[in-house]
Amino acid sequence: MTQQRWQKLMEWPLVAASVAFLVAYSWEVLGDLEGRDAIAVESVIWATWALFVVDYLVRLFLAEHRGHWFFAHLFDLAVVVLPILRPLRLLRLVTILAVLQRTAGRAFRGRVVIYAAGASVLLVYLAALAVLDAERGHGGAIQTFPEALWWAFVTITTVGYGDYIPVTGTGQLVAVGVMVGGISLIGAVTATFASWIVEKVNEANEEDHAATKAHIDQVMAELREIKALVGRE
Amino acid sequence: MTQQRWQKLMEWPLVAASVAFLVAYSWEVLGDLEGRDAIAVESVIWATWALFVVDYLVRLFLAEHRGHWFFAHLFDLAVVVLPILRPLRLLRLVTILAVLQRTAGRAFRGRVVIYAAGASVLLVYLAALAVLDAERGHGGAIQTFPEALWWAFVTITTVGYGDYIPVTGTGQLVAVGVMVGGISLIGAVTATFASWIVEKVNEANEEDHAATKAHIDQVMAELREIKALVGRE
Amino acid sequence: MTQQRWQKLMEWPLVAASVAFLVAYSWEVLGDLEGRDAIAVESVIWATWALFVVDYLVRLFLAEHRGHWFFAHLFDLAVVVLPILRPLRLLRLVTILAVLQRTAGRAFRGRVVIYAAGASVLLVYLAALAVLDAERGHGGAIQTFPEALWWAFVTITTVGYGDYIPVTGTGQLVAVGVMVGGISLIGAVTATFASWIVEKVNEANEEDHAATKAHIDQVMAELREIKALVGRE
Amino acid sequence: MTQQRWQKLMEWPLVAASVAFLVAYSWEVLGDLEGRDAIAVESVIWATWALFVVDYLVRLFLAEHRGHWFFAHLFDLAVVVLPILRPLRLLRLVTILAVLQRTAGRAFRGRVVIYAAGASVLLVYLAALAVLDAERGHGGAIQTFPEALWWAFVTITTVGYGDYIPVTGTGQLVAVGVMVGGISLIGAVTATFASWIVEKVNEANEEDHAATKAHIDQVMAELREIKALVGRE
């Protein structure tokens, strides 16, 4: 079995596992579950984890150059190790939206915008869940989900008022992840703007299209005809 | 009636409605109105809202592909749902300023700068009004308009001192909007700078203009003449 | 007298006035002057202001299209109205440094870097002076120059800890200026990086230089020679 | 001896000195050493400093144009003066990783990403050490290494909650360095994104490759052949 076939085969199971993880984790944290419910939800979370681990190991096994593949797919390893990154797989669904777009240039930029927006919303939601899970009952200011959500927005935009701050080690690790996500978000927004402005300014500045290889080919065809005419004499 | 004609027809009424909303909302919040005055101002706000709703529905009705138009104009829907976005329509007036500019490349970048500056000033002013409206009398630190304005500046630039922080749900929603606006502002400023520097560096680096299709056309004309000369013999 | 000649004539007097303002304002704020010393220093500040006003009015008078000039030089008006912007004139000296640079592309980017660095340092120093001048003795946290300098750094980088925050109206106006400067600084740094990376990647990607008008001119010369040869027969 | 040969010769000793400094400084700060241990560690730090000073002076001596070299290598001077910058030399090792990459364009961008990531991690770690060294026992909030690390992350991402703030002069100097590093980090992330998007959009937009000098050379060869044919008759 090739790696390509395996990836195609696993596409939808992994998306389903991501949704299952998202629902189970939301339920566990927001419902503050205990007893039998907690065990049921936990087993769903562990099952999605097992699926991602199996997928990672099979892809590593099927890779042509395993060492190279390992370094080129460190993010996939992070997805396996850090459960919070798992739902980012849902961003793959963005490719479906690409059908709605027309020209290629716009489609690519549109995809970057949807990716950045989607990743930000997922990151804010998941970070709020994770920080609430870590902080609840540890004496910090973040004790309810709305507070955790507000904290996540204030952090991902790098505003950082300081009214809600994680105080546990786990909460601070989540915070560092959100901050890094925030800088990437600023980067993506700015870069999309920049490429759009550069393109518009280029369009306005260039009076004429550059000569292409196709134009030169026309010239060559004409020359060969002349050579034939001259040589025939 | 086509969509184009409707949009041309509604251009000035919508600008007028935006101004009316801006004045009425400022008056309501800053004057802290009650009784008959409040009712008068509120009816102006509802009237501008009705006009925007009618405009949105007519444009949706007149659109060729309604589903496509709906997804391509989500911002217009947001303008109808979120009253605070309504005065952004005034940014349309920027196009009038474009006449003052000369070369196309500069004009486009100039327009981005004016848009970013205008949108920031409008956003800061409206967010200050909205946050004051939401926070006044709810125990938070923001209780006067100067405080709300200072808060809006500190937030849109993502500085976030933390001396004034909204504590109500509505106030925090406004804050999230301002933060998103702040990131877009940083993006627009940076992108304008970047396109300017890239252009200047390109100008300095290129010693000669690229060959264009027009140059190749000259070569082709010459070749056809030679072919005629050769063929005639 | 033309505008060009006037500007050349005033170049060094304005630089001198900027230095004089910088020294006088630093002395006034840092020395916390009173009595006769304060009057002496104040008169230097007013004299530099008068020089800038005269320069502005003469240039406005000498401009070919006064209305157009007025809108194109709003920053010059701001320099006259806001004394804090006056020392930015010293950035003009950066052009002298351009002689040290070699290739044009690098020189331009180098100038942007030196401008951004110089403007940031001047802005931080002047904002610290202005905020100290406004805040001292008004109950806020900023009471000494080191505190004001620390506040200015924390604000221009949009970190915004919130340990020192201006509480007076004037101090907050200065803060808004520093925040706007901070966003421009981030923009300039990012744009310089971006143009550098874009150039490097372009260099690496293009295997061959694009055909230029000069190459086409060579082809045309060859064709004319052939036409002469063919036509002669 | 030429400068090139000296630099090649010193490459590995300087990397080793950087590692030695990193280990010694970590040990000194984290172990809160006293007595004989402190003296041993201090002498390692001074030895690495001496090596960097010697390297700097020899390179300055061997430079062709000493004045020019001095201004073009101000960062090298800063490395000598500010011990905290010394371990940045380890970033040179990134060039080894470049072998793993394939195409040139990607490799350059990949190098920027690894540089930015590596420099950020080193900066956060070293700033946490330096700020802890400066602040411990001076009444500020930063008293342990985890607190210092958390502060460094909050500062480099320009979030700035304000829960941990340096209060000593040295600590605030380190903070300014981290803030400047943070802005550069945002710049590098954004610029990498921007160059990537610009390239992708360009790829999608251009239907045909531009005509290159090589294409024109083909045309010229053909023309010379025709001229020979025509002239021969």
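Residue numbering begins at 1 within each chain, and the chains themselves are lettered A, B, C and D in the order written.
In this section, contacts are C-beta pairs under 8 Å (C-beta built on N, C-alpha and C of every residue); 3 or more make two chains touch, one makes a residue touch a chain.
Predicted model, so just to flag it, every value in this text is computed and none were measured.
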item: Count of contact steps on the shortest path from subunit A to subunit C; value: 1
item: Pair in B-C, A-C or B-D that repeats A-B, with over half of contact pairs matching by residue number; value: B-C
item: For subunit B placed onto subunit C, the superposition rotation in degrees, Cα atoms, nearest 5; value: 90
item: Chain at maximum distance from subunit C, centres defined as averaged CA atoms; value: A
item: Rounded Å distance between subunit C and subunit D, as computed from the means of their C-alpha atoms; value: 27
item: Inter-centroid spacing, subunit D versus subunit B (mean Cα positions, whole Å); value: 39
item: Touching two or more other chains - residues of subunit C; value: 158-162, 186, 190, 192, 194, 198, 210-212, 215-216, 219, 223, 226, 230, 233
item: Of subunit B, residues touching subunit D in the complex; value: 158-162, 190, 194, 210-211, 216
item: Subunit B to subunit A touching residues, read off their complex; value: 68, 71, 103-105, 107-109, 112, 155, 158-162, 165, 169, 172, 175-176, 179-180, 182-184, 186-188, 190-192, 194-195, 198-199, 210-216, 219-220, 223-224, 226-227, 230-231, 233
item: Of subunit D, residues touching subunit A in the complex; value: 100, 146, 150, 153-154, 157-163, 185-186, 189-190, 192-194, 196-198, 200-201, 204-205, 208-212, 215-216, 218-219, 222-223, 225-226, 229-230, 233
